[in-house]
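Naming follows writing order (A, B, C and D), and every chain is counted from residue 1.
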Amino acid sequence: MFKPLISALAQFTAATAGRNMTKAAYVAVTVGVLSMVLLTDNRARGARGWVDSLLWTCLAYFVFEWLVRLRHMRQQGRLSLYVSSSAGIVDAIGALAVPAALLLGVDPRTAWLLGVLWVLKVIPGIPGLRQLRRVLVLESGPLVSVLVIFLTVVFLASVAEYFLERDVQPQTFGSVPAALWWAVVTLTTTGYGDAVPVTPLGRMVAAAVMISGLGVFGLWTGILATGFAAETRRDNFLKTWESVSKVPFFAALGPAAIADVTHMLRTMELPARTMIIRKGAQGDCMYFIAAGEVEVELPGKKVQLGEGAFFGEMALLGNNKRGANVSTTKVSRLLVLDLVDFRVLMARHPDLAETIDAEARRRALENK
Amino acid sequence: MFKPLISALAQFTAATAGRNMTKAAYVAVTVGVLSMVLLTDNRARGARGWVDSLLWTCLAYFVFEWLVRLRHMRQQGRLSLYVSSSAGIVDAIGALAVPAALLLGVDPRTAWLLGVLWVLKVIPGIPGLRQLRRVLVLESGPLVSVLVIFLTVVFLASVAEYFLERDVQPQTFGSVPAALWWAVVTLTTTGYGDAVPVTPLGRMVAAAVMISGLGVFGLWTGILATGFAAETRRDNFLKTWESVSKVPFFAALGPAAIADVTHMLRTMELPARTMIIRKGAQGDCMYFIAAGEVEVELPGKKVQLGEGAFFGEMALLGNNKRGANVSTTKVSRLLVLDLVDFRVLMARHPDLAETIDAEARRRALENK
Amino acid sequence: MFKPLISALAQFTAATAGRNMTKAAYVAVTVGVLSMVLLTDNRARGARGWVDSLLWTCLAYFVFEWLVRLRHMRQQGRLSLYVSSSAGIVDAIGALAVPAALLLGVDPRTAWLLGVLWVLKVIPGIPGLRQLRRVLVLESGPLVSVLVIFLTVVFLASVAEYFLERDVQPQTFGSVPAALWWAVVTLTTTGYGDAVPVTPLGRMVAAAVMISGLGVFGLWTGILATGFAAETRRDNFLKTWESVSKVPFFAALGPAAIADVTHMLRTMELPARTMIIRKGAQGDCMYFIAAGEVEVELPGKKVQLGEGAFFGEMALLGNNKRGANVSTTKVSRLLVLDLVDFRVLMARHPDLAETIDAEARRRALENK
Amino acid sequence: MFKPLISALAQFTAATAGRNMTKAAYVAVTVGVLSMVLLTDNRARGARGWVDSLLWTCLAYFVFEWLVRLRHMRQQGRLSLYVSSSAGIVDAIGALAVPAALLLGVDPRTAWLLGVLWVLKVIPGIPGLRQLRRVLVLESGPLVSVLVIFLTVVFLASVAEYFLERDVQPQTFGSVPAALWWAVVTLTTTGYGDAVPVTPLGRMVAAAVMISGLGVFGLWTGILATGFAAETRRDNFLKTWESVSKVPFFAALGPAAIADVTHMLRTMELPARTMIIRKGAQGDCMYFIAAGEVEVELPGKKVQLGEGAFFGEMALLGNNKRGANVSTTKVSRLLVLDLVDFRVLMARHPDLAETIDAEARRRALENK
């Protein structure tokens, strides 16, 4: 009964062995983790058989996917690279953790808990992850400083509270580890309320710890916000640079001006048949086509614009409303020029302004 | 008895059918939601009759408003646009949700709860909403990354806690869903205290989750702060650009200088008869009139200044105190030039400085 | 017995009637509020007599201060301005609230609680308050938007929870007001734990509310951080501008360059006899004297430097260590030029670099 | 038995008496504090003997280290400087606090708690601490303002809650100090839940306090984020400036251009034998050698590059993949030029672009 399913999986997986995550894998992770969660819930005991078979199916899929990838990588001579990469390790864990636990005689209900590790497969597919990691790496110095300060405050506060509260509440503050628990819960402003100082001095120390908690929050956020702002600028510049130099419209500019223009543009990747501009909507940006093709729905005819063309400038020059629907016909990469930057650019480069003006006039004439 | 009320409403609503929210609608939303709240409170049982009639009045108002708008839009040929717009959907929900529930036989006390959806009518009227939405859209990539990281931590932590605490606290950690609840409450640093790990290992995992909570906060805030800073600059530039090019004072400047000036100005919309400058107050900015008119109360006479004029420059040039009261006579749009930017502008454009100086001297002479 | 005290107070207050807060007022506020706190604590019942007399003394001081100020303002013809100013209102409340309550027959223990309003007297003296207020005013648009979003989420969530939990927990979720309390406690991530949803659906709604709480935090902080960054730059520029144009060293620069230099400098106000530079310390900035005088302790002699002079440049040019102790002799205002900006400034203005170099050489020779 | 250990310690400590923290000191702090924690835990009672001897060993180490340092500093004539420095005070406390407590007859279990002060020895070693301290000092004005606002809200709210709740909950809101505890716990959004208002008015006040808590968070973070961003830029500029002017490649640039370039570079300190570039990886930056030496693993031979050389430019110019492994041979200081800034730099300084292009062509030829 599983044979046709497996053969279909094999084809599908083989076709996408090089990619990080297929749609099938997303489905398998979702189904697998949900089944694992249901397995622990007594209310779902009736459906135990279904849940079990779902789990085994997911596991089979992950083992299968892993084997296909191993084979694919060996054929390409990148086996050792794959095995030692983080994706390879996550794939191996996803395929082997549960079976290994079952073979070692762990109780099945506990062994299947390892299925939660399947969620790790999702992480490499997160779009902004590289950006976040770069921020954390570049700002690791100050972040570690804040962490050390955090831990120092936790240690000093917990010893102080242990000293002040141990006689009054031997249950909750009877040892420094117990007081450490209180300190972490308090300094992160979580505040469960399972351990609360009651002596006046203990409460004063606690108040100081809570206010320090705000400070730790603030420093932490400040560091990350600073790093993130720098990283966003960098990321956008990199994505846009390549495309800009390929648009003939900008080719006349010198390299310094291109760097300048790049800072103003934003790259947008669009699938085929996506509406970009809706007739009658407010217009606040214009577009350059770096790759792909768009179709403008003029009254009575449709006009195609290819790589290097621009559109959407008329709403910026004259009336604010968009004059026609525009949508992509292929997968396209567009460069977006915001209204603000449009004006600054036109002011700095009068020759570009003239080119756009001339084209807009030509189009306006044609449309009449 | 309701007839004159309804007729007045009809006139009022018809007059403002094009606007998003009339003052009457704000009143109706406030009264309606408060009545709905009171309906659920046993202490207000005595006033049940009053509350009921208030609710019915509000509902009638919303149905009426919706019908007026539908008619108005059909007359303008924008019916389908309105019906599919978010405002149209909110209006339809406000008018139909409660009656539909009552017709379907839902208990009235429950049906009226749907009146809470009336608060949605307020949202399109929020001034900074477009700005906030743009930030969320532009930064959606990194925000989703942080959310995925958040959910991954929640999943891993809850399975770990379930494993570590299930034998000690079967009530609160008896299934992964229960542990998931704990994880969300902890990672958001809410910390109700209804589920608290008690084993040493469980507490270590929990401490790690709480510290990750700070990190999630920090990343989230950093992303939003970055996006917001960029959006604020853009928004202000757009609002100011149009006005600047219409002020004759700046007309002599080239387009590059106008873009430069626009970055320094801030737009301010004022109703008629508003005091702008109070005599004797500290002066830290000057004003250009983009639209409308202001009146300067000089000793013994009142002087009107119209579009294109400027005022408030004397406190920036000489003594810091304002020399006269100034207030608007009509709805006016002013461009505000801060003291800091005034100095930078004067330094960069000596010709503007001269114009302002000459005018200030002329006025000082006149006042003596 | 109080007579000499009152007469001393009268002299002191009269001398400083124009200032916002005297040191005596700070003492009175601290003593008064602490006494008020003690009055409510049963452990301090023994000292009741002392506490009462302290409270009456403080009240007498505030009444006295208020009367002195009223007289002073009337003499200066600014009585109506003072009475309607926030400082005047706070002074009036501080002087009249408690006596009025006592006269109206309120129980003394309750009446004295109004003494907490004395802390309002401290607020106008906070140094950065004007800056904070400007940020809140300028960013009020987006802040109000976030607040409206916050309240909308609170309303929708509380009605949902009331609907989902009212049958299971009639005590805590028995009415919408009760559910509103839960929603505010949750959305601010306070999480007391006195009201906690227990149904699966209720918990899902609650999890969504908590995650929204993070978003509200993030938006709020992002807005404030953006506004604050702009305000800090502005504030520093304003404080520094006046001083820069008075330092002869910068007089040779054109106005554009002065605006440029102003952005690099930071103003520092110092009392007399304050150590500015300690011999042997790391040097990372140089100083210009905008007002006042400093004394350099050279080996064997002391040299005075007056307005317009600069010092501390030698550690930036050659070795990093400070060569001598420097301290103020009078109240002084210094302009601080950071090492980073020193280098940028020297690079952009070679003539300034030469002047500083020549002076540094002359001093180095002299010291040998 | 301890003799050889002590003698080894003596040698080690003597060798590093000038440095802040030796590795041995880190070990001693970790062991000492963990032992102190264990001492308070009843579960570890069996190992009491071991724990005691570990504590005495650590204490002996700290006393020993302190004496060695005192002797070292006296020899260098910096004894008084050291004793009054923060490091000297921390060392003295670490060596003397526990013995002093024991001599004063304090119970040993309590006396050893003072061992927690040993963690203070770690603080001066934190890398980013100076940066954090500068931010706190420079922004102290607004931070203090926010703190005063925080305390004002705490005072007003606690008196209001005391008034509203004292009759209903005399246990938790029976005095203003008790209400103050509630206010701090609430305003920091900790929310233990040990004191919760129950009256409707009390809850309204509490809701206002919680929302103010968000505001305090936001202001605090905004201030710190602003300060941190400025400080990061400054810190990086200072670290990089020295190195840039020593790289011959940049020597041809004028001082203004060097200041410009310095803003683009980032300094990186690397130990010997560290891999910098891995063949086949994505290349997004190039490197200049400010000090030290690197080794490039070309096919069949290894090439050394010394001070002033650059590498990694080929991945930026042509294909994106790194062409060879590169690692350090000595402790090296590299200047990193990011891809973004590389392009901006090449655009602004065409002569630099030519030099790099020529070198890249020469190398490409050589490699073929």
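Here is the rule we go by: a contact is a pair of C-beta atoms (placed from the backbone, for glycine too) under 8 Å apart; a residue touches a chain by one contact, two chains touch by 3 or more.
Protein identities per chain, from UniProt: A, B, C, D = pH-gated potassium channel KcsA.
If you're wondering where the values come from, they're calculated on a predicted model, not measured in any experiment.
Engineer: A-C versus A-B: which interface comes out with more C-beta contact pairs?
Structural biologist: Pair with more contacting C-beta pairs, A-C versus A-B: A-B.
Engineer: Through what angle, between 0 and 180°, must subunit A be rotated so its C-alpha atoms fit those of subunit D, rounded to a multiple of 5?
Structural biologist: That pair's rotation angle lands at 90 degrees.
Engineer: Let me have the rounded angstrom distance from the C-alpha centre of subunit A over to the C-alpha centre of subunit B, please.
Structural biologist: 28
Engineer: Using mean CA coordinates as chain centres, what's the subunit A-subunit C distance in Å?
Structural biologist: About 39 Å, centre to centre.
Engineer: Among the residues of subunit B, pick out those that touch two or more other chains and give their numbers.
Structural biologist: Subunit B, residues with two or more chain partners: 177, 189-193, 217, 221-223, 225-226, 229.
Engineer: Help me check something: in the complex, which residues belonging to subunit B touch subunit D?
Structural biologist: Where subunit B meets subunit D, its residues are 189-193, 221-222, 225.
Engineer: Enumerate the contact residues on subunit C facing subunit B in the complex.
Structural biologist: Of all residues in subunit C, those touching subunit B are 141-142, 144-146, 148-149, 151-152, 155-156, 159, 162-163, 174-177, 180, 186, 189-193, 196, 200, 203, 207, 210-211, 213-215, 217-219, 221-223, 225-226, 229, 233-234, 237-238, 241, 254-256, 258-259.
Engineer: Can you name the residues of subunit C that touch subunit D in the complex?
Structural biologist: Residues in contact with subunit D: 33, 36-37, 40-42, 110, 113, 116-117, 119-120, 122-123, 126-129, 131-132, 135, 147, 150, 177, 181, 184-185, 188-194, 216-217, 220-221, 223-229, 232, 284, 338-340, 343-344, 346-348, 350.
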